[in-house]
Structure formats: C-alpha cells, structure tokens
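Handing you a structure now.
Here the chain labels run A, B, C and D in written order, and each chain numbers its own residues starting at 1.
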C-alpha cells in the first residue's frame, strides 16, 4: 500500500472488540424492540447491524401481561408487555436458524423466575451455533415474578450471574436496571460473579393514569419507561457503571440518532443498543451506523476505538492569564 | 340557603387539608423554580397559588456551581445550579417579609451539609411569622456535600428529619429523591422520624455530553433531570410512597397542566408542586388551578377532596357474561 | 406485500364531518401494495412530541394516482396536529400493515357492512372493492349500515353512494335516518326484510362490534371485524397491541392476538371478548381540560 | 417595565444573510415596553419539543406599529424550526427581559459599536436610538465595526446605512471590507485615525468581546457588552444563566452574575473572564450529523 492509500483505506473503522466478541460496528438493537429480526427485514438489511439482541426468552413460552400494555408519555413510552415470548424451544427451532443463516451476531436475552431457570436456560443455549452471547435480564420492571428483583440487590445479582456462568462458556452480558440507589454496586457484583460485560439500562419503573376513567393506563399498573426521555438517566448510569468496573459496557436508553449513540461511546461505552426508536423508524439502526461513520470521517477519527472514552473531564479556562497573552488588542 | 343555591355554592371546593396545613387549593410551586415569588409578580397574582415553596435555603449564602448549569433534554432539562441561595439571614430580612405581607402560605425548603446545619436552620426558622412549613431537602443530586446522600439511606434520612423535628414545631415536609431502590423505605423512615408530610420527587440524577467538544455539558458533570420527561417516574414514586405511608403526600415531577396535576391527585397525593413548567409558562400555576376547577365542575365533583385518591384499581370486564345479557342483538 | 417507510406528500386535507377530516397522501409505493382493511402508521410531526406514530386505516387506495386516503377523527393531540397540516407538507408513513379484509367468497350472497362513526374509514375502500368484484352476482346486495351520534358526524351521502349499494343511515338523536343504533337497524332489516348476510364486515366502537359479533356467531355468519388497540410499532415488534384470544382448549388461560399482525381484521370467534378490560375500550372523546 | 407573556403574530419572515433570518412580530405590549439591548424568550412551538424557550435580542422596536423584530441565525433545532414558520403563525413571547443598553451620556464623544456575525442583532436598534438621541452632538461619530467569516453572513449595507453612521466592514476571508477581524479593524482605526471612543458597545463571539473588553478596560473606555448564557427562564427564577463575576475583594472565590437579570449587558470589568470555562463558549455551529 504505502503512499497509495485508497478512499476505502480512509473510511473509518467501525469495528469494536467487546471482550470476547468482535462486532463490525458498535450498533446493536435492544431486546424486546426488534422481535427476532424478521419483523424488520422489509425495512433494512439487518446484516448492517452490529448485533441483534432478541426478545427476552424464558424456558416455557409466556403469553405476557393483559392489555393495555403500552402508553405514550412525553418523549417516551411505558411498556408492560410482561415478557411475552415463544419460549426456548420454539426460539431454537424456528427463530435462531434464520438469524444464524444470515450470519448476524445474535445475543440471546434470557430471564427466569428463579436462579435455576436462568441456569437451565444458559445450559441449553451453551454451544448452540449462532448464539454470540447471552444477555442476562435481571432488570425488567413489569413482571411480578423475578425480573427486576434480581437486579436491585447485588447479592441476588451475583447469584443469578454466578449460576449462569457455571453453565455456559458463552460471553455473558448482564443487563442492569436504573431503579437502584447505586448501580455501580450491582455492576461490580455482576462482574465479580463472572459477567464479561454489562449493558445498561433497562427501562425506568413508571406509571400512568387516566383522570377520566380514573384507572391506571396499563393493566399491569407499573411499567417500564423507555425512549428519548430516559437518555439523560441512561447516560448517567453508564457513566457510574464505567467508574465502577473495567469490563466492556454497552449503553442503552433513548438512542434515536448517531449523536445519541456517540454520546454513550464518548463516555466509554464500547457499544450501544437501540430500543424504542426502532418502532418509530424501523431503519434507525442503519441511519445510526451511517451517521457514526460520517461523524468520524468529518471529525478526523480513523476508528471508533479512537473516539470511545474520549471524554474530556478537565476544566479549561480559555481566558485565563496564559491564554490571554496573545489576545491583546494592541500587541 | 336551602333550595336557594347560587352559582358560587356550586363551584367546586378546591381547598385541601395537608396535615396541619389548610390550603385554598392543592397547587404549589416547587423549590428552586419560583425564586422567592417576586420573579413572577409581573405574570400572575401569586396569591392565587396554594403555597409557594421558596428556593432552598442554607445557613450561609451559597454561590452555587460554576456554569454551564443547565442543559435541555428531550421533554426535560438537567440542572446543576448547586443550590445557589441568599442564605438564611438575607432570606429572613429581605425575602420573607414580602411573602408574609402578601399572605401567601410560604414553605421554606432547607438543606445543609451536616445534620447539625439542618437542625440549626429549623431552630432559626421556628416561630418565624409567615413560615407555613419547612420542606427538608434531602434529595438534591447535584451537590457533592450533603443533599442527596441523606435521602438515599433510610438511616441518614431518619437522623436528619429527627434532628429537625426536635428544633421546630412547624409542619415538616420531607422531600424524597427518586434515585433509590425502594423509595417507600425512605418515606417510612422520614415519617417515623417525625415528618408530617412527604413530597416527591426531586430531580432524577442525569448527565449530558457534547460529542463535538467531547466534554460534559454541565460543569458539574451530573445534574438533576426535571420536566415532562420524568412525570411517569414521579407518578410511580408517588404511588409507591402512598402505599408505604399514611401521611399526606405532595406530588412533584413534570407537571405542566391541570391534567398532569390531577393524575397525582388521583393516585392520592393531597397537593402538587409545579417546577420546570414555571420557566416556560410563568402563569402555569394559575392555569392549573383553573383547569382543576373546570374539570371538577364538568365531571361532577363538588370538591377536590372527593377526587383525591379516587383511583380505581379493580379490573372490570365489560363484555363478561353478566354484562353481555343486555347486549343480545335479537332480544 | 413488503412494508415500506415512505415520505408522503399531503395532497388534500378536507373537513368532511364534525371533527372529521380526509387526507389524501401521495405515497406511490404504499398505494401500490395496500389492500382494503390494512392500515398505515403516520408520523404526526418530526421530533419527540408526540413520540409514537398513529395508526389509520386506508379509506381509499388510488393506485393509479399513487395516492392513499385516510379518514380520521380528531380525538387527541396527534389527530389535532394532523388537522392543522397544510397540503404540500411531507408526512412519513409506514405501510401497508396488517392482514386486510378477506374478500374471497364475497360473491356468495348478500353482505352487511356496519360502520359506527369514523368506523366508516376502512369500509369505503371495501365497498369499492366489493362492488367492483367481477365474481359478485349482480343481484346480491351490499348493505351498508352507517350510524353516528348525530348527523353532523356522518359523511355526506354523495361520498358513499354507489349503484349497487344500499345505505341504511342512523343516528342516536334521529337527526339523520333511523333514530337509534346501527345494531337496531340491522335487527330491523334482518327481521322485516328477511335478509341473511353471508358475511358481516364491521368497524366502529368496540361495544358495537362485540354485539354484532356475538349475534353473527350465533347465526353462523362469517365476520370480518376491524379492531383497534394501542400500538407502538404497527409491524409486530413491540407486542404492545395485544387482544385476548379465544382459546377453546384453554378458555381460562390468557393468550393474546396482536392487532397489527394477526389483525386488524378478526372474526368474532377469534376474540375472547369476556377478557377485554374496561381500559381497552377507547375512553370518551370529550375532554374538558 | 413589566414583563409580559404575549401571543405574537408573525408578520414577516425574511432570509437576510446566510442562515440568518429576520422575523417581525406583532406584539404590542412588549413593543411598548422594550428597550435596545433587552431580549425576549420565544417559544419555538407548542408542546415539549423543544421544551425551553429561546432568547433573542430586540433587533428593532417599532412601538408605533406594535411590532418588534429579531434577527437570528440558524444554529440548531430550535432556530431551524423558527425558520420554517410562515407569516400568520402565532408565537408565544415573554419580554422585555434584561437590563438593556445604558444610553445615558452617549452624547459625550464618539462611540464604537462592534458586531461579530449575528451579534449585529441588538446593535441595529441601538444605532437607531443613538442617532436619534437629541443630546448627541452632531459632530461626534458613531462607528459600527461589523465583521463576519464571509460576506454572505453579513447583512446588506442598505439595512444599516444611516446618515451619521460610519460602518467599518470586515470578513475573515476578505470577501467584504477589511480582511481580518473586527478587533483588527478597531485597532487600525484607533491607531490610524486617533479616535478614542468614550464608550464601546459590543455583541458577538465571546472571544471577541473578551479581547475588546480587556483593551477597553486598559484604556479606561466604558463598555457595554451583550453577553450570552444558556437560559431556562429568562427572568431570574432558575439561576441557570450564571457568569463568573469579578469580585475584587475575593478574586479567587466564585461568585456569579445572572445574564438574564444582571445583564445581558455588562461592563467588561464586572466579568471574571479567567473563570469562564471552555464549555460556556458556544460550540461550533457546524454539525456534521
């Protein structure tokens, strides 16, 4: 090559290492917002996405919560889907093969009612071709059994992650809830128990009521807030988690543009997941990948790795003595 | 009177009892968003407001955090004002007399760096004519010393509230932070320590960064998210607090309309505070009072007390057997 | 039948009844694929307020012109903002979505169409399709039962009139047509004229569809009901648009259909009506503040 | 000088330079009270997106017509949305806010006005006031130093021309007037013509105002700088709009001024320039995504 650099050489490298994973770009789609991929195939070539996190899977199929399950809020939405899913069996037989054939890194989001259920899911997913990693959901705010309770207590989090760790050699991501006093403590517990990576955040516990019917707007009363409204909270959680641990962190929450995604990466997240925005713009993941590439190009970064964690926390005073010398008017 | 009811008799009663306080309506303005009242006198007759909560007061004046102190976010804003305030002395001499002369119930929001400072503030405010109640701020996310740390731990919360309780006979409101795992526990601790009422929520810890300068958008890095974006979180917190305690609760968070206010009242909050919305519509408090009155009139409530806590949690099935009988087409 | 995201141009915006508007949108790709009974998701405006798209049925599909029409009622902020848009604006659409009406076998006998209020929206395109169906024998009538609370809420007759269509008008207050409900008019026609439809298409308030659906089930009449649910995506990804499914094997365990992909057109027998909660019935439109 | 919340009607919207627009708003109450150097808070559109109002200086105050004009540059989403509005729209304003320019004593000698880019906005009204000030002696000139990066960013001369006004144009790229900065032109005029202003009014990039401010301080020239800060309210309630205050007694302890009530017009000596952080300097306008 030498002098002879081509345009292709100069287009920035978007690939990232996430612990044991290597992705062609840092943009994933979040669990529960992208189905099993097929729902989006009319809108974009899903192979352009860094990785797909599939809808949360339990051992047995679940029919989910009674409707109404969603409600719109300012710059956000609350959902209480109740982790409706086809169950592990159907997932392995009917959903995974298609994703595997497409060759897209597939991260399986798992949850159970008990530690044993999590462990059993891990055991059965271990070694399944086409599964790139497991994301352990200990953070769903809208189901009574299980879910968030594991994520709000470092000891319980440790138990779940440890049990999963023992049953699989797959890369493990633990998905954290923002609904805690100190997210860093849960983060550390998960890493200590063997989680290779962390993703944050899941939805923020929330509620909506209708003053005319005087009823909760969701049958489940409480649900999880997502969308642009929570982005500032998600950034703060990501920041706190990055201060608490050294493993790769995946930022999630309110991402709807390349700018949003780059904000998480700037803090030091090594990848991001897009959730709610997929609903309103089903090709958003592609737009975000393209925007990141353009940003790096224009701002002169050769790779996304150069930008990750480039946050400048030093405070500088441009008009302080030193800098002022050269500003003298009559010099 | 008898048969001879006049229009005035029929206009709904908006007055509420809040423990020892009686307010002409349940609409207050939140600490830090209404200055000391004067800032708003060009825009509305502030005597129309149920009560004013003044900017948080400390023993000594505080100059606050360096700028930038605010940033706009989707349907919200983050602030890190850093509790800039004139200090107790100036407040008593220069601010309180005016509010007292207007006869508007004034709630003094207090905060300190230590338990002793809180106690001393309470002692010096005790018996001050014109002070209707104290609101203990143990929930400010953007100052390092004090503030939120007291609000995130039931034991510390208990200590602060207890110390204040011993120094004053004024009605006490403890202002809770949403940045905890179980807000009900802090709520109970505050009430056990002698708080007459609770208000919730203060802002949600949040962060914003600029990808071009690669710096945090706030000099303080972390700030507090407020505005419509947090209303669903505030409603959930209010709901949880109401389940944990029996004392009056004041709902705060994202209220910008009568509908928003009524949502908190429907859950059982006995009053509300409007914060961020005062900035964009300085007469919002009057609009909210008027809207509540119109709502009660049209929906047939004689008083706001009838509506407070009228949430219907029963799930009904309008097309279930019983209800269906009468729907037969050929009857 | 690929789904599309398309930037449409607003060609026409017209008030056609009380708080009811018709929008004509230039959206050739969607128009080329759409079928009666399907719907689109419309982005009310750029930005986050409101965040979610709104679902609307195809009122008319004008393939040649590359246009689709929707008919909508202003019931909240999103539809109010829509009503303020001027021709020439660009509006992002996703569509066509959902299953659409089953038109097969529609030639076998008289069919009934029941519309309550703005429920007329998807039935206009359906009428056009039914009447232009070459397999339909000329003698077999299409009956449209069309009611609302008051005359001002009804579309003008000229917008619906068609040679082989019999329209039965009704209003709750008697200001137009029969005084009473669509259900009562159907009852009367069935009783007095002895017509028995082979199929019932309906769109309108859930209570109306429930009532008609149960009747049709009893009578063995095939139903095609256009049902609603809150939706975040419209294409099967969020699982938000659930409706309780009839499950004869497990009548007491909850199981759900998804309006955006299993519907929005359902047979009455596929729905577990007695598990539908009060909250799923659209709240009253009237808002005092 | 009561502050008002007023629903204004957009009378005129005109592109006057690269990415720069002039809006004329019918807002009689605010127009009746406003003074040069004050500002208003403009609600970009209804709803939550964007949430906060945007601050703009009065570009012209037309009391008789009950109108005010603003001159704004499209730098983000809010100003972009503003540029899309059509005459006839209703826009909520709050104003007049802030202290405004001090015009007293302006007759005492030559005055300098320095505008960088859209910083010309408040200086137009100021020019009109200065030139119509009866106490001003005819011989004492008003110099307007007006620069931008390139000619396309400058207002047309016809919009500023006035009998007793000397305009010194400059551009960074030399496409109009002097090639260089406003500061350099001022330097030159001071040196070559020996003019020493009694007062300097300025509006523009902070670095420019800082440079001019220090020079004026050294020269003992009275300054009236129009400064900016992020604002949530605009009327003293949020305490968001802080700028470090010079405090000769405590030069190292932080103390703040509030742009919306202590300003936006400040003398150079009242600001603790060396405590201003990088983040307070408006980020570059160019946004690649």
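As a convention for this text, a residue touches a chain if its C-beta (ideal position, glycine included) is under 8 Å from a C-beta of that chain, and two chains touch if they have at least 3 such contacts.
All values derive from a computational prediction rather than experimental measurement.
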Hop distance check: chain C to chain D, minimum number of steps through touching chains? 1
Taking mean CA positions as centres, which chain lies farthest from chain A? D
Round to the nearest whole Å and give the separation of the Cα centres of chain A and chain C. 37
Between chain A and chain D, what is the gap in Å from one C-alpha centre to the other? 44
Averaged over CA atoms, how far is the centre of chain A from the centre of chain B? Could you give it in whole Å? 33
Among the residues of chain C, pick out those that touch two or more other chains and give their numbers. 48-49, 275, 277-279
Two or more other chains touching the same residue: where does that happen in chain A? 66, 73-76, 212-213, 215-216, 219, 227-229, 259, 295, 299, 315
Can you tell me, using the touch rule above, whether these chains form a line, ring, star, complete graph or other shape? complete
Counting only contacts in the complex, chain B reaches chain D at residues 32-35, 39-40, 42-43, 55, 63-64, 66-77, 79, 81, 84, 210, 212-213, 215-217, 219, 227-229, 276, 278-283
Under the definition above, what is the set of chain A residues touching chain B in their complex? 66, 73-76, 78, 152-153, 179-182, 204-209, 211-216, 219, 221-222, 225, 227-233, 235-236, 239, 254, 259, 262-263, 266-267, 295, 299, 310-313, 315
Contact set on chain C toward chain B in their complex: 48-49, 183, 186-187, 190-191, 207, 210-212, 214-215, 273-279, 281, 288-289
Using the touch rule from the top, collect the residues of chain C that touch chain A in their complex. 2-5, 43, 48-53, 94, 229-233, 235-244, 253-256, 275, 277-280, 283-284, 287
Within their complex, state which residues of chain A touch chain D. 74-75, 257-259, 291-292, 294-295, 298-299, 315-321, 324, 327-330
